[in-house]
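Letters A, B, C, D and E name the chains as they come in the text, with residue numbers starting at 1 for each one.
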């Protein structure tokens, strides 16, 4: 509760700040300060279970350790994101303060979609998350790619909204209570009534769209590539994970009892997502676009949690959200500063910027799922979850084969950084883009992020043990 | 056939016909006008269902505000029928039509199988859709969503500013 | 306070790990070199100490437990048994040899090079020490990553592609292992989820029906087969060996392939006995085909490194065939052969490296007559080469003898066909000795010089070990017999 | 007596020490010193061996346990030495002949550089060590250690002059062919181990009854395969003539007197097994007699002095196998002994000739050497007579014993044996005549250089000549003298069990006399014929035709092996290397990678950049999901 | 009136919207088709609400009002969305002078 209100309030503060702040740097510090406050208050709520504000939401929101930990992760990732890339937000355009305000609104939506208890809040949360993102995507106004991305994102997002509403309508029709509470669907344990079934498929599609699962992923590469890189980083991590939490909340609470009836659909989507994400990423030359595809691939892995829907899946998803967000934010922070976004642009980075190269390697290893990183532990837990579920064993093998393919493209970047000589242009120009400086603080932050990833890889219990079921 | 049924069929045909015309019209302006017609037809349905509040809101917000905005934009851009080139890829057009149609078919076919569809809808009766009832509901139970949707508007507002403002 | 917790298994892993991390920060090449050498020496001392204190030969001795992932029952547990002692000793003893042998080579970014080597050592140690499946997998991968970087950065011309293939190949294999571990894990313990455990004991006592075993067996087997490698999963190996810097090739072939063999003995045989029995013919068939196949290909190799690589494949094939013959004698043979093969192949690489470093080529066709110029090197090489073909009184004989004996007990024809490989081994080894060392010198080999004292020293050490374990293998049997023999009793 | 047995370990260890000293000190030791050490250790071993021999003469088998070589749950191999009549006899032959050859070598190899000289002695000592291990081993595994060890030393010594590629080729060939045999040996050992759980001689021989006849047949056949490799029998004989690439004393020691008889030793050692496997015995005698004849025919046309001797060795070994095959174990061992004397003598004599001729080995370039080298000439003649089976030289007694046994067993064997003996007499005297009689046909330089060899060479020749003459007298047949066969009595304990089992074929004295007369007479005629034909030999280019050409080309056996085994194997290896490995297996692995790449390139085209297509695909996806959920 | 009629009507409108999105290339018309889809959902929600009301009226007079409140929220959101969407389209038009979505294919593969 604290986080929802405070993010909204702080968004408004940032919005008005646009009028008062003179320097371009000021909003960043305000945003960081606000975020720290929000994190602390959220953490207090997690520890004590008591929010600062006692608002009767009529059970429209539900708070439990899972939600709150997730919100903490999302907020902390955002904090890291501000710290690493805050100065790059300043470079996107003039309306710096507004950008931060929008990000806070997105966070508000994230918190809503993590804690919703009725379909209405789900809908609102998703929309609150999406609309600012359409804007952020298009915020580089004179860049045609940014325009294009925004329009594509918007059109397809609106389309998926329509689908989701259709789903909600059918679910409502099938619910003889006449309510929207997600845990009130009283269809028993037999075969799903047709209304519910149709509604559920619509919801599945709409949420798959939000988490960019195949074949509803097509917006992702284009939008991620077209959007200003610094916002791509945010979209690909915090927002995407929020989609997952929304996804798993709905399907666990509403349809958990009839898991077996829709598992096949999820497994098909999972398989397709893993396949398309990993396979398409192989051929990409632009690292940014490759990361977009890799985010699809990672989404495929996370879908295993939805597929399995057991305690391991929950633990795994929490860990995944942390590990994946940390690594991706770190990687994007480095990518933003690169002169050349293609893989060749990374050639010889180890020589020019050893700290960047080493930390990027750790991020990539985590994304690949090499032991000793958070990425491994989360993938591992999700695999346990999927295997434990016992149905659709082929999916497990499909997942690991795709993980093997993922090693291929992640390691191409590692190869470029360490084992290849920088090309002519990069050599003359340096790996780092003009106007970007690699400060010591930035390096320290990257190192801290890398250490955090390794720490989570060795002691994942830090996160998983605080989950209560 | 009662008057209500006649109205129902009339409005349904109107909505569907206008909807088809939205898609089929060459000129965006005509599309907008047909869409407005559709919205009116839907509002008529709301009235049939005794959802008076929504009927009003639909006319005001959709037909009134939103569609005017559309119209305004279309006029601003001075788009006419020729501005949209013909769909070169004919088969894409067919596939689009066929898949959209099959979506309808699939869902209808699925619904055919169940008995739930025989349930009746309360027509022209019941107080649930009256402004007073909904108002109470909105400002008691739904006060939190109501408040939080302001965030949505704020962000839309910022968005309009951010996107439309000329870069200094 | 830590006194109770820091044990030898601990030290064996943590010491190289810490030393490796420290090495990264030593910028000066010579200091990094000396530091890492010192570190591996200390590791060797620790390992020797572990050999000395082996009153507890069962796995229960010298254990160290830490509840690691409470929710899924993974423990950070390590222990030493006889086989573990032997292999950690092999790891400990081979690294000083490798470092001393390469002491003259200069590497750019030496601190990273040596640091990674120490990390690889830590990973290898961990593999041999873990008694928890998850931990085992952890180290299994950890050993791979430093090797990947070492090969890709300091390797030969086509290093990047070759190592990439190696990496993807083994990574894929280990993913199968991971899934296999999960499957077995979910069958451990009673019905309650919290009873599941990754511990070796739980794995060994797991009850699986035969179809489950058949299925999970292959998951484990593929990972180990790729690592060992067993035909037809071997094609990464010659390329990688050829392209890696020789120090790394030594680690790879001397110690790392033993991970697979070790894995089979420790993690496959006790857990999937029924599957092993069911597939024994397929597995031994593959291994035997691989032996002959690799031996024949070795005859055709012109590159010394590739020759040694294929010879290694043939030897490993024998080991796997012996393992799947499920005979006690064969398993005992495998264990001693793991040690012997490690020593021999490292010796072989050292010689190849010496030649390459002096003459800049590894092509057999370009060499010749080195015996005139470097008699000591030649003598040492000949000893190593004959150890490689398992001449009696060298260390490999005992192992191969026992493995063939076990194979024979299983089926005479497998033994007979596999036996052809000892003839073929003689063919390619002697061919190599003849063409490289005998005959007249040519313009290239004219410049060959006798090797220096430190190179002589390491080769001497190897030769001494070859004879020592060849004539008196009994101490090794004493060390390992309790950990090996019980495994084969499962099959009786 | 027992204190001798306590130091029996010194017998092999002394040569090993010699090897180590000579091997490590090869750069520092003078030639004299290394020669002295090399020969001295063998002499010491010889002396101990004599004591050992004397002590076992009346005593029983002694088993001396040293340490556990392998002692595990599943396998027990003791490092044991077994000292009995058979092994002590071999000890004497090995150390005795070995010592003489060491002494001979000090002079023969004197022109080598110091380093190589010491290396030579080191190798030679190592060989003696291995050979001693072979005969002293108390079980098949220790025997196998020596068995492979002698193969190794043979390899090293054949390739002693490693500059020459042909020599090293010969060395390689020898080692590989030996290994083929070794594989058979090994499999036999495994068979024993798997059936009896032990490879100790006494364990095996005491428990023969536990083996089925199939087991025994298999084991003995495999052991015999081992023997064919080491003792150069068909089909594995071709390495021995090539092995003449080594220094001549090496040929004398290894490829005539000792190593090649290891197979006979091994079979004699395992006599009980072989006696119980009549089929194997039949195979052995057939292989033995075929080898004897084949090698003898090839020897007829050889011009290289050492090659003739080499083929004669193969042939003589064939005789020994015939002896083993017909159950005349004593005869075989007896022939081993006498053969060791006269063949070593002949080789050393040949060496002396070659030495004098400055390395020339072609007999066509020799002739009339008797006036230059009288001692060599006389001793060589004695050797020739001995091998030709002239009474009362040693070869007569041993060969006759084998032939008699063969006749008793199967007269055809005897006929073939006699033919072989005739051929032997013929080619030996061809050799003798071409070398020592007629005109000198070498270059002027060589003639100038001709001289009798020094004492270090001639003394061993004389000693061996004496042995070649009198060596046979310890085995005088019953017909001549009752109780004359001392050797048989001596070896009785070894072959006791076999003799019980085997069917005795007693020949009447008359038959025996007739047989002897036939073989001796035939040999004499052949001898004289050869003498007549070649004592006036003139160098001439002769184009061989027909059967002569086939024989001159050694029956094309090497070519056959090349075509049938080596080349197909090479092609197979090439095929594996080029096609299977590169294209199929690696191709498959890389193919997966390429497929992924190709798939990636194709699948990214789905991402067409057009919103309409995206949504279309989404709708199709929706449809599929709906159909699955609602209708399936 | 059976609810089946309303469902059919709503789904038909929805499908028309989908078809429109699929076959038109003008961004504004596509957007309008999306609005059509939203309205179909609205209609369906109201119909269901009245369906439930029919049954639950006795026990809980305001039982089915949630759906109508929901529709209200949908309209609210739609209004916000339209403002952002049109802003984006206008921005696009400013840069490219076209609203043809097929013109937008710089980002692909």
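The working rule: contacts are C-beta pairs under 8 Å (C-beta built on N, C-alpha and C of every residue); 3 or more make two chains touch, one makes a residue touch a chain.
Because the structure is predicted, anything quoted here is derived from the model rather than measured.
Hopping across touching chains, the smallest step count from chain B to chain E is 1.
Where touching is counted per the definition, the chains common to chain A and chain E are B, D. Compared on C-beta pairs in contact, D-E and B-D come out with D-E as the pair having more.
Ranking all chains by how far their C-alpha centres lie from the centre of chain B, first place goes to D. Distances between chain centres, each the mean of the C-alpha atoms, put D farthest from chain A.
Once CA atoms are averaged chain by chain and compared with the all-protein CA average, the nearest chain turns out to be C.
Chain A and chain D have Cα centroids lying 77 Å from one another. If you average the Cα atoms of chain C and of chain D, the two centres end up 37 Å apart.
If you average the CA atoms of chain C and of chain E, the two centres end up 65 Å from each other.
Between chain A and chain B, the centres computed from C-alpha atoms are 32 Å apart. For chain C, residues touching at least two other chains, in rising order: 168. Residue positions 92, 95-96, 99-100, 103, 107, 110-111, 142, 145, 149, 152, 155-156, 159, 163 of chain B each touch two or more of the other chains.
In chain E, the positions touching at least two other chains are 3, 7, 14, 17-18, 21-23, 25, 30-31, 42, 49, 51, 53, 55, 63-64, 66, 69, 73, 77, 80-81, 84, 88-89, 91, 101, 104, 106-108.
Contact between chains, using the touch rule, shows up for A-B, A-C, A-D, A-E, B-D, B-E, C-D, D-E.
By the touch criterion given at the top, residues 92, 95-96, 99-100, 102-103, 106-107, 109-110 of chain B touch chain D in their complex. Taken in their complex, chain B has these residues touching chain A: 107, 110-111, 113-114, 116, 141-142, 144-145, 148-149, 151-152, 154-156, 158-159, 161-163, 165, 167-168. Listed in rising order, the residues of chain D touching chain A in the complex are 593, 596-597, 599-601, 603-604, 606-607, 609, 611, 613-615, 617-618, 620-622, 625-626, 628-630. Considering their complex, residues 165, 168-169, 232, 234-236, 293, 296-297, 299-301, 327-329, 332, 369, 371-372, 375, 386, 391-393, 397-398, 401-402, 404-405, 408-409, 412, 415-416, 419-420, 422-423, 426-427, 430-431, 434, 437-440, 472-474, 477, 481, 485, 488 of chain C touch chain D. Contacts from chain E toward chain B in the complex involve residues 1-9, 11-20, 22-26, 28-29, 31-33, 35-36, 39, 42-43, 46-47, 49-51, 53-55, 57, 61-66, 68-69, 71-73, 75-84, 86-91, 93, 98-100.
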